[in-house]
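Chains here go by letter, A, B, C, D and E, matching the order in which they are written, and residues are numbered from 1 within each.
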């Protein structure tokens, strides 16, 4: 009797390097997926053994391209996946496109993924698909948040020059202005700076009451301390990326309470896993029980990525034919733990968007958690608290 | 008891043997010279005594104690100083500081900064000058003074007169008795045989790593020395 | 005898130390000139000025009547000025032979075979033949001095500047060296030789200059120069009648 | 007024650069050892402070009482056990410290993950002094600057006025002859490294109060440290301070001109200084 | 004694080659044939891995030329790798040029740019030079982050169509790129061996050993170093263009990555043997073998690499190849310059010298 046929899924993520936090929960997530796949996957009446091969990109574009090529050329994976920032998603997708291997990625704002790879409004990609939220959605949530408060409507921006910051910057500035706010943009600056005097004095001069942008946490922490030293205090701080992880907020101490951020997902989301049937709340409880760590937002996305892949494989007619997998991807319509995934051509050919709202870090007893304070474009996601004043 | 006794000393550079069973004795208060052609092993001998090259413990005895296995800094504390071939001053230190480094081991004795300046008055004006800016002769004086500052009982001098104007050579050799009177025993390595013979009370001749001749200069004929020197 | 090299009104000082004060010097074509002077007089510094490693504060250096003051050391080397260093400066990581190949190759645009020819014969001349393939860094003092001389010769110089090549040599070795330098002389190379071993100098040179206090206090036939009263007093350390 | 503020902040930042350059400058001067792992050691000591603070429930400044001696011991051990064996040529110490740098970064990553940390000094972090109506300066940067100046003054005295300093310099010139003067060279080098890392520990704690750190934060600190040293001139600790301040001002002014340019402005000033004065502003030692 | 010897006559020849380098030549020739045929015996992954190894051998050999021979310890060579890469992307995307034409263009631009770079950096000595190169590389990182035309900090991607335009078939494209990498490494090593066999090779060693003496012996120190630096920049630029042709995306951080293009290269050179042509080749093989086994352990791999580099530096300063070569006198490239002399009978003295150089 012939051995069970094998399907190989490749996965690239930053296990080490500056983005390692995004892949921190990867072992736990994959553990769950592998358990699900332990008995094999039945496709078209035939049972396949499914191997997930992971590679560490070390948060380095070059390394990502290398390992992605290795997965494709050496391990000969049938489908390749990547997550956690454009450093991982873009080179992986590029290599897949060149080698004509189906590729699904997530956890990177789609504009960075799509335009960063040279996609245009009319011309997309053949082999590579992505699901995540986009900046318009984030902006809707952010602006909604600000409009609900009483401010002078002067917004100061803090954007780095790295990674996906260009797309953030270019999307934010006009959109904020269009919504009737005055924008004070001191310009983009390199990450991990240690002196924000120039920005602070610009904000002071223009009486900026709302700070927004996209920063690494250390940069914000430095900015925040120097603001205090130099006598500057805005009313609202709403940043991307900086406030993603609870550890980041903890390291800010009490002065980190009340900052607002995009929320990709929360235990209060109304979705369930297509694999395990687990609710969002359940996923968080399981994770925290198993690891003793505070849940983080990338966890469900990694789970959802494999939900999608497994769903695609199940629907594939001939799993050894890449084109067949590709058409299964294109026809995906799945309700995952992060929301529905469906490549319908909106906003562009290769992208399916997931919900994103605005949230605030609040302390309840000893535990800090992110509360949803503005639903943005997603009324089905309920706010869980109203906006509290900045710590 | 002799101050320094070298017993059947062998020395190696990797696989290459530079000294073969060299034995010699230096009595307290003597000036002993070691002569020999280039590459005979004179510097190697001095470096072995001073602890820069390690030997078996018993091969070298100082004041009766075996010191062959000791390292240079320990031996300086015991009173053995070496003026290395080629001066080798501390280039980023001033002249005065070079001398002070010599005094840093803190051995008691007659040699102080002022005594060294008395011996070489030239140096006094150059006290704060960078040592690299001195001429060769001036540098040799600093090297000499620096070794004296350790207040040695045994002073080993490698090629003292190298590159010095005749007047300086004369002067240094003229000072030797004075230094000996202060309680320093001196071993000099010299190319200038005439100078060496006239200054010392005992001479050893080295040839290709072996002692070929030894004795008070007066008892050695010029022919014997030549023979010992060149091996003819 | 026409001049091959000359210094015109050269001045040089290091802070308060004056090593040359409006100095003039002429080296005749084919001449062997000895230079004496107390330690620190500035003899080595003069070589530096001639070869271009030191820049004079004022004055000119002429080779064949051409002003070379602004030329770099490599350029001067290629014009035929070679020097040996007081403290030997071998290329320690290369073999003795390769040291000479460098000198022979870069001093003038020669073909490879010519370069090897020069290097090999110079090696023999200077008694380093059997050490050709040794690393220069591991040589004894005598051999390093020989190498200094050989390397200078391998540039096929017209003017050879020797800085204390006999220092540290035994009497016998010194005699050999003197014979060698005499041979070099015979080939028509002009020489300036700084040496504290006066008798070695006397055996070779035509003329001796004595540098002290930034000026030449004597410039004469060898025997006469060292008997010059000032020289006897401040350099030889003997009174005139001794 | 705005400019006064900018320059003032630049000067204070420069003090910080000088502080972490000082230890580097010291061993560079003494051993010609280009310690590529210096920045990573700063970060390592910041981690050490973090855990000491948590374990003993003390503040960052008190933790120095534990960290500084520990750092000195580590420095002594590191030099005697490893770096002493690399000295003599230019490349081995460079390459060994590159290796060390990679090892430290990844060990920190393995043990402490990529989470960023910061040392919390309490309210002093945000305390400020109002010098002029428009010039409000953080107390912490002022303290950092004062400490930097004091440490550099101390090092300068040790280096140029004491027997230990003379021994440092002599050993750096010629270790063999230093032995002939009775100096235990291995010990002397180890002392220099101990002193260097003691200073590094102070720098590490101050930096970790100012900004977050993570296992990969070291190289960035290192490049500023080197720039400060080289601008100032090798061997001169006051030069290092001046270099640090110049670098801080350049970055502040550059940032004011265009927020994208602070580091660039620092680098450009560094290169410009070197074009004009390759030996740095106040060199004490020829390279 | 010396005087007597002058009269003696010797015949001599200079040999570049000995038994080991004769063996070496055969070895390299066979290896080259084997590797050139890789498309016919290896699969895609093998070819890709070999291509990557070649690129690292090329980079490490160039670094070795600078640090091990010319005494120029640079930790800023990533500038040229990155620039080469950017030239390819800009040339192909904005200029619409064929990607393969952009490879030599990348080299050319780097070579040209190296001249002013060097004029600044050559004012620095020793460790200052090293730090200077690093700072200069950082300048590029900072500047490219601000240039929106090349995507700023986010960088740009090379669309698959551009790469596919290289050749009609997928095999054709992959073979061509593989052979280009092979040609690159052969050219780089060939260039280095050639330089070392000429007088300029000796000049480099002389400068490294003693700069003042080198000048006094007619060597124009700065010009010699300039030539080597510019040549290395040129080759680094070509390598960079080829490397980024494979990566499909470029950002200032990946382009000017000190870890990828300098630290790894230093590890390779150090472990293999600095100051030996064979060193980087051996080093790269070791580096990649380790990577194949350990890369999945992330940090552990880097820690092991660091430990190995340190141990090699402490126990075998000239690297693994240096250790072997010193021990057994091996040399796989004909680079020696041994003088072989035989005494000839006095009457034949006149026609003494014959030169025979291989």
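Details
The rule is short, and it goes like this: a contact is a pair of C-beta atoms (placed from the backbone, for glycine too) under 8 Å apart; a residue touches a chain by one contact, two chains touch by 3 or more.
Everything numeric here is computed off the predicted structure, so don't read it as measured data.
When the partners of chain A are compared with those of chain B, the chains appearing in both lists are D. Separation between the centroids of chain A and chain E, computed from CA atoms only, is 41 Å.
As a whole-number value, the distance joining the C-alpha centres of chain C and chain D reads 48 Å. Averaged C-alpha coordinates give centres for chain B and chain D that are 43 Å from one another. The set of chain D residues that touch two or more partner chains comprises 106, 109, 260, 263.
Residue numbers of chain B whose C-beta contacts span two or more other chains: none are found.
Among the residues of chain E, those touching two or more other chains are numbered 142, 145-146, 299. Chains touching one another form the pairs A-D, A-E, B-C, B-D, C-E, D-E.
Interface residues of chain D, counted against chain A in their complex, comprise 2, 5-6, 9-10, 13, 16, 106, 109, 113-118, 120, 125-128, 130, 136-141, 210-214, 216-217, 220, 248, 251-252, 255-256, 258-260, 262-263.
Against chain B, in their complex, chain C makes its touches with residues 14, 17, 36-41, 44, 86-87, 140-143, 164, 167-173, 196, 198, 234-237.
Touching chain D in their complex are the following residues of chain B: 50-52, 71-73, 76-77, 81-82, 84, 88, 90-93, 97-98, 100-102, 104-105, 146-147, 150. Touching chain E in their complex are the following residues of chain A: 15-16, 55-56, 58, 60-63, 65-67, 69-70, 73-74, 86-87, 90-91, 94-95, 97-98, 112, 116-118, 160-167, 188, 190.
Those residues of chain E whose C-beta lies close enough to touch chain D in the complex are 67, 73, 120, 123-128, 130-132, 134-136, 138-139, 142-143, 145-146, 258, 263, 266-267, 270, 274, 299-300, 302-303, 305-307, 309-310, 313-314, 317.
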